[in-house]
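The following pair of complexes shares a single chain, chain A, combined with chain B in the former and chain C in the latter.
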Partner chain A sequence: MIEQTNIFLPLIMSIPLLGVLFALISKDNAEAKGNNILSLGMLVTLTNLLIIFFALRAVAGGEGDIQFVSNINWLSTPKIEFVFGADIFSLLLIAAVHCAVLLGLIGIRNNTYRQKTLIIFALLFLSMITNYLLSYDLFSFYIFFEAMLLPLFMLVGIFGNIKKQDILYRFFLYNLLGAVFLFIALCILFNQQNFNIQNIGNAHLIPKLQFFVWGAIFVAFLSRIPVWPFHYWISSINTNLSNPLVFIIANLLPLTGVYGLIRFFPLTAPSIMTPYLVALEIISIITMLVIALIGFSNRDVRYKLFSYSSVYYIFYLLGALLPTDTLLENIGFSLFAWIIVVAAIEIILSHIEKEKQCNGLMECGILCNIKRSSFALSFFILAAVGLPLSSIFLNNMLIFAGLLKFNLKMSIFILLAIVLSSLSLLQHLFYLRYPQTEPQENAVCAQDISASVFVFLMLVIILLLATFINPFWYMG
Partner chain B sequence: MFINFIFLLVAVGFLSLLLPAKRMKTFWSLAVICIMGYSIFSILSPYPGNAISFVWQAIPNLPVSIELNPWQSGVYGILGVLILHTIAIYYNTISQQEQNPNIISGLLLFNCVFMITAFCSINYIQLLAAVGMADVVVYGMINDLNAKRYYIYGNFIADFVLLNILAIILGQQGKVDITHLEEYTKSWHHRDFIAIMLLAAIFIKSGLAFFHVTYQKIASLSFNRLNFILFASTPLIGLISLLLLNNILTISRYSESLIKIFSCLSIVWGFSGYISSDSLKRKASYNAMLLWGLVYAGYVWLPNFPLNKFFVLLTSAYLFNVSLNIISKDSGDETYISKIAGNICHSKMLFLIYFAAICLYCINWLIFSKDNTVLSLSGLLLIMLITSQTISEIYLNQGSQQSSISSGRLFFISLPVLSFLVAFILHNDHLTITYAYFIGIIITWLLLFLIFPLQCFGKAHNISFIQAGDVTTAIYSGMILHPIQAIGRSLRIAIDFLLVERTIISSIKNSILFFIFTFKSLHNDKIWGKILLIIFGIVLFAATYYKGVAK
Partner chain C sequence: MTIVRIFRHQYTPKTFYTISRFFILLAAIFSAIFYNRNTAEYFYNNSFTNLFKFLIYILVLIWNYLSVKRFISKNTPSFAFYTIMMFNLLCISLAISAANLWILCFSLSLSFLCNYPLLLIEETTKEKKLSAKYFIFSLLFIIAFFSGVFILHTHISNLNYTNILQSIQTKQISLNIGLISASLIFMALLFMMGIAPFHFWFAEVVSISILPVAGYLTIVPILAYFACFINIIANVFAPLLPYFYKTFTICGILSVFMGAVGANSEDNLRKIFAYSGLYCMGVILLGLLPLNNYSLLSSFIYLLVYIIAVSGIYTVFYGYRSKGKYLSCLEDIKGVHSQRPYLSAALLLFMISLIGIPPMLGFLGKLSIINNMVIDGKFIIIGTVLFAMIILVYAYLKIITAVYFEPRNNSFDIVDKGVYICMIINILVMVIIIIDPQYLMHDIEKTLMAVLK
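And now, the complex of A and B:
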């Protein structure tokens, strides 16, 4: 039996899944070169983005935190009920994920290697992560938290580089750990009642069990975030993927961990966990600093990007762990622009990587002859480091204000890590732009991104600028 | 009228960016100059118009208002910004080196609006946004990659520091209005840290000693862009931030001492750099360093900071650098003094223009700093020494004549200098007071020019180490950059490779292999496997009994 108050959620949840079904039955022959599937993927993403846009308008204009609540009663004994709902935060993240996947689809437009498989799994991942971000009960939360790993596992397996067996081993190991912990914890909680996530703090457990349950949830979400020692498997994945869409999808995985911790902690968590949150903060800050230092000294651009994104994910996590929920929207606004910026950087870097390999060019100074890529990459990197070009700028300031208010000394290390990771991105931008030798007249030049892709990137730039001027731009 | 010209500047700025590169270059530039003229006329009118104020819903939980008020920081600030930008646009128009003056004009107009926005800031967000946007605009104007790189490194760090200082205050106070800073200073949270970090950000922006690498690297730009960046962009933003946030500095006892130390260091560094540099462009950037050192010295040693006189001084310093450009232009775009050597009889006009620029520079320094005699006279002496040294080197040095100064048509290029001189004479109330000084300056300067006391520093032109002038970059690389990279590499080996890869993951992998081996052994069809299985069962039984029954 389905009880729903609005059509938005069922549409947002079902469109990517329908896309998967259509993609499954579409032709993937040599003549079509996968364009059929690619168009389908883009259509699905764009359609869903449009619906999310209207949903955001409705949520922003509505009252209350969670809206469009839909209940699906699946079983009466045991009583299993799926609850889905949305607030501005979750919708912003869903919109950002869709934009990132759309950018990824643009990035693979010329890549014909198993494009059908790639797009099917990408859409499946999109469906799973969308459902995860809309889940409001323990059962569906767990199912989608784990289900999104399947398409990613397949994508890494198919599109990973030479070391993919090792990477998959780590992938499996760390995620198994997280999955087992979350499963046990949620089973114990489910024994009490199939709680909505908002009411999870009401579960009455004996202190030892309470400690175990919350500790397990804690570890499960942490296993997705690049906090030491979990950073290693994520860095292995990120540095061994050359397909932009798979990279973007892999880079979204820590978001699920951060989102989980935001939904469960810190306001709903019992006081027994408070000392451990401090320990987590300390470990997170050390990890940030270590990753930033490694990224700064590393020449590999993918590691630099991983280092930058890890530092920012941990930064958002620390902002979310503050004992206040006033920053939630700021984190959402900032994450929205940040996810798009990282995806855009990735597709330009992949283009450069491809040109480098195809034409046997040096990476150093490769951008000096390709103006469009150079302009777009410069803009996105300047926005990524926090200059006033997107909503990252002001919203991060508020998150900083929150962090600095609670602990100035620890926050200084966070700032140091952010500066290092940002400088490392800037360093690479100039490495790509600055030729070490004078370019010769007859030398082979890299091909620039096509005019249509550039136009699309310009639209993304306009969107980012709109978020800087007013994060509520979609309100009209 | 105020609102009209602000919107006009924005609209024309957009149009300039959209215009085709090689269409209507001169016409459009002249139109832009006319618009700047209209803006100056508007701000000079008895009633420049109402303030522009609107709510900028930047962040939902922090509503921010933007206010542009011509009366807020005095009309002189806005007027100064407009005049500096008009001069930059003028030189952009007549410069033959600029491939696309339309885009530069557009960027200059945007920068002008952001500078005015920063100047009129009533809250931190407005200030931060204006500072950041101005940085992006100037970044777009720099057409040398190395200069661009150093510019963005320096300014990104400065912006980030500034943002975080204001974030600390915002976090503790919960308000963004600059007027509430005074309340904050009474509660004194992290006073030394905040004040020192604010000063670091301001020093980076203004390019004071040890933070001047950015402005040394931009010496490769054309004179027009170089002069604009040195006087009318980021360094000025640094001073604007200081003037707006000066309440923060009062909370720390170190603030004043730090400004004094760094301003003196900048004066010394700027002076020594100027007299030892062979390149006119490097001289221009050292002159800016000297000027900003003197201005910051004025900020701490003068009883009141005279904003209106400061802008006149800034314009004079700008025009002095323009006169260096004129020397370069007149000698076939040669920028090395050692290659420019000539005879005074061949270019009297050039000498007169240069002399007019120097007089303006010296007199305006005197007017700016007249409340502190020691500062005033020492500053004047330094300015006279550097200005006379350049012209002595050119006119009195007969050493290596590779090109000579021609007396070409200098009218257009020297028009702003002459116009400013005329305007200064017509509108200066201090002229009668400074009349005696003026005569003294002329005599002393001519004496310095003829005696050429700094002749010995000409030998430095042949020393490549001094001419490279990269000491600070070497210090940063050796003391900060390389250690950070070494730490990063060590951490990668120690943590990622040894600890995680070789210890944790290997241990787990080996443990799993061990379990697989054990269970395989248990299930094989050999006698010791069966024994092991029985032992395993007994242990399991005992453990269950102990936990379930015995306890």
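And now, the complex of A and C:
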């Protein structure tokens, strides 16, 4: 039933799911304080990261784009075959997602509220998104695209502090509607031929149906990206998330939309898709500018981070949809560092937020007395805005050069949005670092991040620097 | 059971359960022995009828096992429940195997009327009124059923299925007569299946009855009515089917919408799932037409997936108990997750399966039925079904919110091990089928085709 050529893929796909099963049966009583389950979550993530690292090395040394292809014959009538495979792009994203979740797990080390539930759903989400990023056929792509919604909904619902349930419902239904569109499109495509997603551009459909199918795919993936005017449903969720792990996971959702559009939209797009691509460009530019402006004017740091990440997701998407495949690896390298950077910023910000609330401190100048947090946050924000500290710097320059080459006017607007969103982060860093008044001698100080967390963050910083010095760091 | 009740001095709820178990197994053995045998043109037993009968027997066995726990914990007599239920089962079995319209009419009517005394078990005044309403409506539709059969009988002496089919094909009876009698019979069958606009009784009945009865009525008879419905449209009124396409499509669309909207207007869990059942029945009806190999297979898979999920949900209801009372309101189960995490996780899984979100089993049902609709080019119906599904999901989200997101306001009783056993078996069945659907699809396809001669 299963044809496979390598052990990497089954391992990468099954380890998070095994983690969920172990987490289900592990003890989470008052004595354990959630530490057992947290250790399990970290072990699972680290183990998978290690395997992904070896898989990356093997893929880089191998031949062909997609490697480790595994076929699973699921159903004979109608014939449905699941195809999984990996290339450098997908493996880099999976590695980044795992790193982000690992950072999130570190961020919740002191959490005692329903830790078991939190980690079970987090690992379930990790499993679904990993499988999604490894999918190479229509059905497995759809299955994991939709399946990851539920763990996310549970995480946001339980740990999100969402006051109005309606916002939460709309968020889920909005995303589900997108998945429904994808489902219809793939049923139509499937009845033409059991398509591998790489050959999807070759589907022979009547023009009306082709227009509908591409439209459905377009809407499905766009529903995951906070595009104007629907960004409100996603932003209202993200900005309320005080749990760092849940914020990081929710922030990974647009990645699935971006990845879907990158994978589905063929390099030589059929002419019927032209109206969609034009619409996508217009919507993207409007969204980037609107969200960047709101982020810049908003004082809420979570909104700033949300606006920053939304702008960058759309930037990567526009780069990926250029009629060239040379930028795909640059996007992969940049996204790898960028996802980690955003996750790291979130855990430091949530630490600051917690200290602020516990000690009743002012946010302004809070970083003055917490040197470790100050150093780490400064590094990550400077890396995030594109200074030469990680692979974001060089790769974003190349992506932007590509955009400039194909559409000058659009690139100017993109640059404006990126500058605005970066400035909003820098503005907040400045606000946190420099107090408006001189600190009093006996004033209560915020507690810094622990030495162990700082060491871990230093390791992340070294990794990011390594990606800057040599993008092929994983090849040794 | 009656003999045991009269002559045995001491009996417990378990006594009647044991007897029912014995007779159900006997019925299963007889069904196997009489496989592929016709009895004087009144009954037949082929792979199609056996499939449904065995499914029903298995479900009844499991349900009886769970029901006895309720009677023991409440210390109430179980004689009425098991006796009526067994009689109902007999009527259902006869209806599935019927090869004659009179037999089908009598057995289905009897089985449907049996529900009335079931509703009266441990009744209150309010329940009495609703049960009486149910009885009156049942009688009306049964009269319609009998009228349809009687009209045919006035024109054809022998109401054997094959004979009626030949008479319609050779135009021995006029088209109008055929259409009138078919309309009356279909109306009664749609009423029994609880399909809109004849759905009004089902949610009420399920909410007023005790848990064993509610679960039984939700899970078991629907399989029998579905089998009879297919048998009738494939082997009796097949030439008239094109005349009913539009009617069935309208009924299906109405069911889908009323189910989705109705579920959102309720706070009672049983009513929510009753409306959810209405949605599912609507989808099945829409997927069944035009009746061919693929549509039959996809509808059956959807039905089976629905039955597996809903039986799991009712199993969970056995675990949701506080101070000896079985809870059925959203308000009562708030925060149950914190005290009964495994039950709540199971409820979540079954609900996902009902919605059809992958990777749960419901996805297979949704896929097979929507894929079949795509082949038939029914894009508007697909849009309708999926749009209604999103409305229905809203109702499920309310349940998830109550179970997982709200703080607990009740102390829940210890759950019987039997509930966990049944729940695990149900989940295992789901997992096995989702990992390798060939177990479900391959043999069942051949089995179902026996009805399409």
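Quick notes on this structure:
The definition used in the following text is that the second predicted complex is superposed on the first by the 471 of 476 C-alpha atoms of A that agree within 3 Å, B and C clash if a C-alpha of one lies under 4 Å from a C-alpha of the other, contacts with A are read in each partner's own complex, and residues count from 1 in each chain.
Everything below uses one rule, namely that contacts are C-beta pairs under 8 Å (C-beta built on N, C-alpha and C of every residue); 3 or more make two chains touch, one makes a residue touch a chain.
For clarity, every value in this text was computed on a predicted model and none was experimentally measured.
More residues of chain A lie in touch with B than with the remaining chain of the pair chain B and chain C. Using the contact criterion defined above for the overlaid structures, shared-chain residue A:D65 touches neither chain B nor chain C, since it reaches no partner.
Touch criterion met: A:I188 reaches chain C, while chain B stays clear of it. Looking at the shared chain after the overlay, A:L173 reaches both chain B and chain C. By the touch criterion stated above, A:N298 is placed in contact with chain B alone, chain C being left untouched. With both structures placed on the common chain, the touch criterion links A:L387 to chain B but leaves chain C unconnected. In the overlay built on the shared chain, the residue A:S235 is in contact with chain B alone; chain C does not reach it.
After overlaying the two complexes on the shared chain, residue contacts for A:Y434 are found with chain B alone; chain C is out of touch. Overlap of the chain B and chain C contact sets on chain A: residues 169, 173. Contact residues of chain B toward chain A in the complex are 56-62, 125, 128-129, 132-133, 135-136, 139, 145-146, 148-149, 152-153, 156-157, 159-160, 163-164, 166-168, 170-172, 190, 193, 484-489, 491-492, 495-496, 499-501, 504-505, 508-509.
Interface residues of chain A facing chain C in the complex, by the touch rule stated above, are 1, 74-78, 117, 142-144, 146-147, 149-150, 153-154, 157-158, 165, 168-169, 172-173, 176-177, 180, 183-184, 187-188, 190-191.
Within the complex formed with chain A, the residues of chain C that make contact are 337, 341, 352, 357-359, 363, 366-368, 370-371, 374-375, 382-383, 386, 389-390, 393-394, 397, 400-401, 404-405, 436-438, 441-442, 445. Note for the complex: chain A touches chain B at residues 169-170, 173, 228-229, 232, 235, 290, 293-298, 326, 329-330, 333, 368, 382, 385-389, 393-395, 397-398, 400-405, 408, 415, 418-420, 422-423, 426, 430, 433-434, 469-472.
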